[in-house]
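Have a look at these structures, which come just after this line.
In the two assemblies presented below, chain A is common to both, partnered first by chain B and then by chain C.
Right after this comes the complex of A and B.
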């Protein structure tokens, strides 16, 4: 990683920018409370995609699964079971649980659809999941424009806000005084992190759930074993009498449902409504999570670390833009370099260089 | 050696001159050590010298280090310690191409020719890779060149034929001719002749002697002692990564070699297998089966056979005569275009492997690495995939089963959590056999069940198969290119030739020669 940063600094210098300033801004992002949000979401999505990539099924349809699931949350919380004053806590909890459940189901169905194409029609899942992203975008756009179009949106085309009672956030009050010196700054920073984690407490629980479910399914159940073998040699599965098509369908459905689950928490814990057009106003999490899964080299334990690095670099990109030190291209350059260096390093950890003299 | 008009052969251009006398070894290995991940020592301080005009056979049990040794000579592996010398000069091969440029060429058991191309196109690729042809060389020129060379060396090869249309013997002939034309002066044969019937093998032996008389050198790897005795001048025996004996032609006999190869265990080889007493009920019934190969040719032509409860039925034949397709069709891994397959009174024709498996049929397939295991997964995971039927896997039980397989077949693995890819070819085969024998309740369908196993392991596997048939009534149908194995293990024998089945033959009244005649007619 240090090699990657040095390489990056050289490129910055060649571009005529001050490497020290840019790298300082980058480094600051790694300890910024602002990355908590991305870290949590990307970790969950990273695990969701990990499932399909482990089965050598390249689910790049995270985006589509995300938004199809999100519209489910809107449908439940705004149309089917809208909040009414004096509503019981039990009903509120029921609506939230139902919204999460429906989103998980919809994400799963979107994944399953790609799985059916792949399993039973033999169509590669890459173009299918990619195209299904656009189907999802436009379906959601249409729904936001028509039946879910809000009434209290000041003329904007978007859905109404999800009622406060259904929102999954907890606000810690800002700290009024912090101590002096380094210790004071550190304690203040720690408190800011705590506030962020409290704000997205549901995602913390969600990440724990996703991580546990993925671990349990992949390493304790027959389905998980079949998925992992599918990723390595599907002919062997066929020879032992396993229906390979069903494994492909189940893998993509599981991956999609975890994306859907994450999307529900994202909508209930942050977004609060869906804008129009949906695809231009969000963070491309479905695609960035692909990077997270591969940066973790499909190692279960490394997913959160990869999510943390990617979240920090994304945050740095925004900071650099604000400080007019460059734009989002900086983020991509840094991520790209990091991946390149990482790949090179990985090669060297698996192979050894030996210098021999002949003759 | 060979030359194409306008192009120089490798021996005429960049190659070292052939060792000018027999005192300088053509290939020499000095104090070679090779350790694989997991700490398995494949070769331990091995030194070997091979001279010009000599045929050296390398023998040894599974995992003895034979393949590792020749792969070091051929540039596939690099040694951890020690050096390789060619013509007395140290060399460092980065890949097989480096070795080929020095005139060292390997031919293995599985033909490496590209099936969809013609023989001439395959030769062109090889000639190009060693700089003897350019990408613009016309294949018609190559064809003429092949015809000339084929006549010169007495190896009949049709340059225009598509490789997939050739028989196994023809493919191996083409492989050897290719090795010669790209300038081989040291020919490494890694089990390349092992699965040919004696009659066909003798043709190759004649050629090898011819090649030797012209100064060529052959390193022959085999696990068949008679094959080694037939043609080699010197027999080198490896055991657990060390050379334990080097025997001259006059002092080598089968018994001595076995003793060096297996030590005390060699005594078990003399035990003959008992005959089973088949039951009255037919377990496997195949009627007028027709199956196509990957290229749409009819590979199995109207085959009918049956296997009774407790009976072992063997199908002999040269590689590529339809036995692989027949076994795959019965196992539910290949569609039948006509005919019927009934196992334990259930019609499983074109019902897939799941239907066959659910009856309790063990399958030892052709292509063990593709259809027999998932190499990236661990031993216990490979076993759990077949045995675990519940939603949540009982890993303790699966570990017990894996441990049982490892112990029963003496698999050399450090634990059941070893990834299969870290095991040697023979040990992977043992995992497959052990797992399938454990799974088989009604029948076992196998292709080359002891492929890649040394004599002692192979004898143990044959013993285990026979004992399941005799004691538990398992119906066994197997095809094998190893005629010795078919004769030893079977109660009844069929021969398959160009997709047609001959027999059954009664082993008490039919001679080996007669069976071989059906194999090559």
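Right after this comes the complex of A and C.
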């Protein structure tokens, strides 16, 4: 981590920027309430991908699973069970639950599809999941453009807004007065964090659910054991007569369904509608979550920490823009370099390097 | 009518040249056993470098050819680093590639954006949009491809590159210098990726902006390479058809009634079907991925 940041600062210095200012902006992001949103989403997605990575299945199809699931939420909330004035609370809850369920199912099916290619046709899951991302993007684009095209969008091509009744947010009022001095600033900052967590309360619950499900499946069930053995030695599974293809399919389906679950909360708790074309306005969470899982070195407990670091780096990009120290490129470079250095340095923690002189 | 066809030829050649060269480059890199998931980042970086080269007046030169050259050199440097580090260190090629993809996006903006802002219309610095230029480009690009095919299939260097991808340990025991061979494959492959990418802003779009990176055209080239089983000659029809689908998606909608978005999904579905087809037929032997693709050289098997 530190090596990555120092390397990044050196590059900035070479570019004529003041590295201290940039590092200050980076550091500030680590205590910015703005990272709560990304932290929660990336933690959930990190756990979703953890399942497949643990089984040595490189699911880079999070993006596709995310948006295919998101369109399910749109279908339920806007098209199949639209909100009507005077609707009962029971029906509202039913619609929300159904939307989350359908999204989880769709994400799972998209993952399952990749699993079938991987398991039964023997094609590497990397290209398959990647290709399915684009199939998902364009399928969603087609649906947003045609069936789900909104009527109240001020001329923009996108879906309508999901009705307020279905949105999963809780607004705490802004604080009117804050104390003075350091204590006052700290309590104000803590309140801002609290407001963010309240705003995305459903994601907090969602993260707890995802973390528990993943822990339970991976460490308390036969499937979890099979996934973990698949990750370390799939030949052994074959030797003891386990259907390895089915394990691959189940792993990717489970991973995809957790991505789908996350996507539903994201749409209901933040996005509120789907834009067109979706691939041009995606936050790339599906890809960034890969980095989260990787940064956590596939350690269950480290996923939230990795999500926090990556969320802070994403936020830093915005801080740097505000401070006129750069733009989007700083987000890309800081995340990319950090992970690059991490990937390289990690090798040296796993291997001991010996220099031997012959003769 | 003739003008319309000429316009179509110019459009198609631009798409073909971009995708074909990038896919050939990607195929050479991956034939050597290095999994390149940085492709989209390198693609974007090279487009930024092309814009920089075309408009900046580097050493007193400017114009599309300089842009192409700069893009090729920048991609080549990137590739040398990538192929070197993935060969000498037993790290996850997939993770490193995706990390460097982000670096590529960032560097692309840093290199290209200030240059882009200096000029009004990038089309003034792009390749001429006429049939003579298009046909010359077509010939040059196909010649590059055929040369790459002969290099890979008929020379000892090509045999060494393929051996590195299939079984680097066996190749090393037979005297092949794995690091050197993968460096050469990286240099050649990424050079072509850079040159091909330069055609995107300077011939296809005849424009460039920082939002271009989200379009994932590097991934399209990656898909084409997969769909054609990394076979250099088979890449020609695949690049033409898929490039055509992308370039002419609007026209296809008008003529055949295929919705734009669905026609964009076709290449990806085609690539999936093609891969299933290869895996289930005798083509598996020639068109499936190299056996050691993405596997660290120093350990038997370890990807995340």
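Everything that follows uses one rule, which is that the second predicted complex is superposed on the first by the 333 of 359 C-alpha atoms of A that agree within 3 Å, B and C clash if a C-alpha of one lies under 4 Å from a C-alpha of the other, contacts with A are read in each partner's own complex, and residues count from 1 in each chain.
Everything below uses one rule, namely that contacts are C-beta pairs under 8 Å (C-beta built on N, C-alpha and C of every residue); 3 or more make two chains touch, one makes a residue touch a chain.
Just so we're clear, the structure is a prediction, and the values are computed from it rather than from any experiment.
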Study note, to complete from the structure: Comparing chain B and chain C in the superposed model, the one touching more of chain A is C
Review point. Once the shared chain is lined up, is A:17 touching chain B (first), chain C (second), both, or neither of them?
Key: neither
Point to revise | Touched partner set for A:238, first chain B, second chain C, both or neither | key: first
Exercise for review: In the overlay, answer first, second, both or neither for which of chain B and chain C A:294 touches.
Suggested key: second
Exercise for review: Pick one for A:53: touches chain B only (first), chain C only (second), both, or neither.
Suggested key: second
Exercise for review: Please work out whether A:226 is in contact with chain B alone, chain C alone, both, or neither, and reply first, second, both or neither.
Suggested key: first
Exercise for review: Check chain A for residues that touch chain B in one structure and chain C in the other, and list them.
Suggested key: none
Point to revise | Complex contacts: residues of chain B adjacent to chain A | key: 78, 89-92, 331-333, 352-358, 363, 365, 370-377, 381-382, 384-386, 388-393, 395
Review point. Which residues, counting only chain A, touch chain B once they are in their complex?
Key: 220-223, 225-226, 228-229, 231-233, 235-243, 354, 356, 358-359
Study note, to complete from the structure: Listed in rising order, the residues of chain C that touch chain A in the complex are 35, 37, 41, 85, 89-92, 94-96, 98-110, 113, 210-211, 214-216, 219, 222-223, 226, 259, 261-262, 264-265, 268-269, 271-272, 275-276, 279-280, 289, 293-294, 303-304
Check your understanding: Which chain A residues qualify as touching chain C in the complex?
Key -> 15, 53, 56, 58, 60, 117, 121-124, 126-128, 130-132, 134-135, 137-139, 141-142, 145-146, 277, 279-280, 282, 287, 290-291, 293-294, 298, 327-333, 335-337, 339-340, 342-344, 346-347, 351
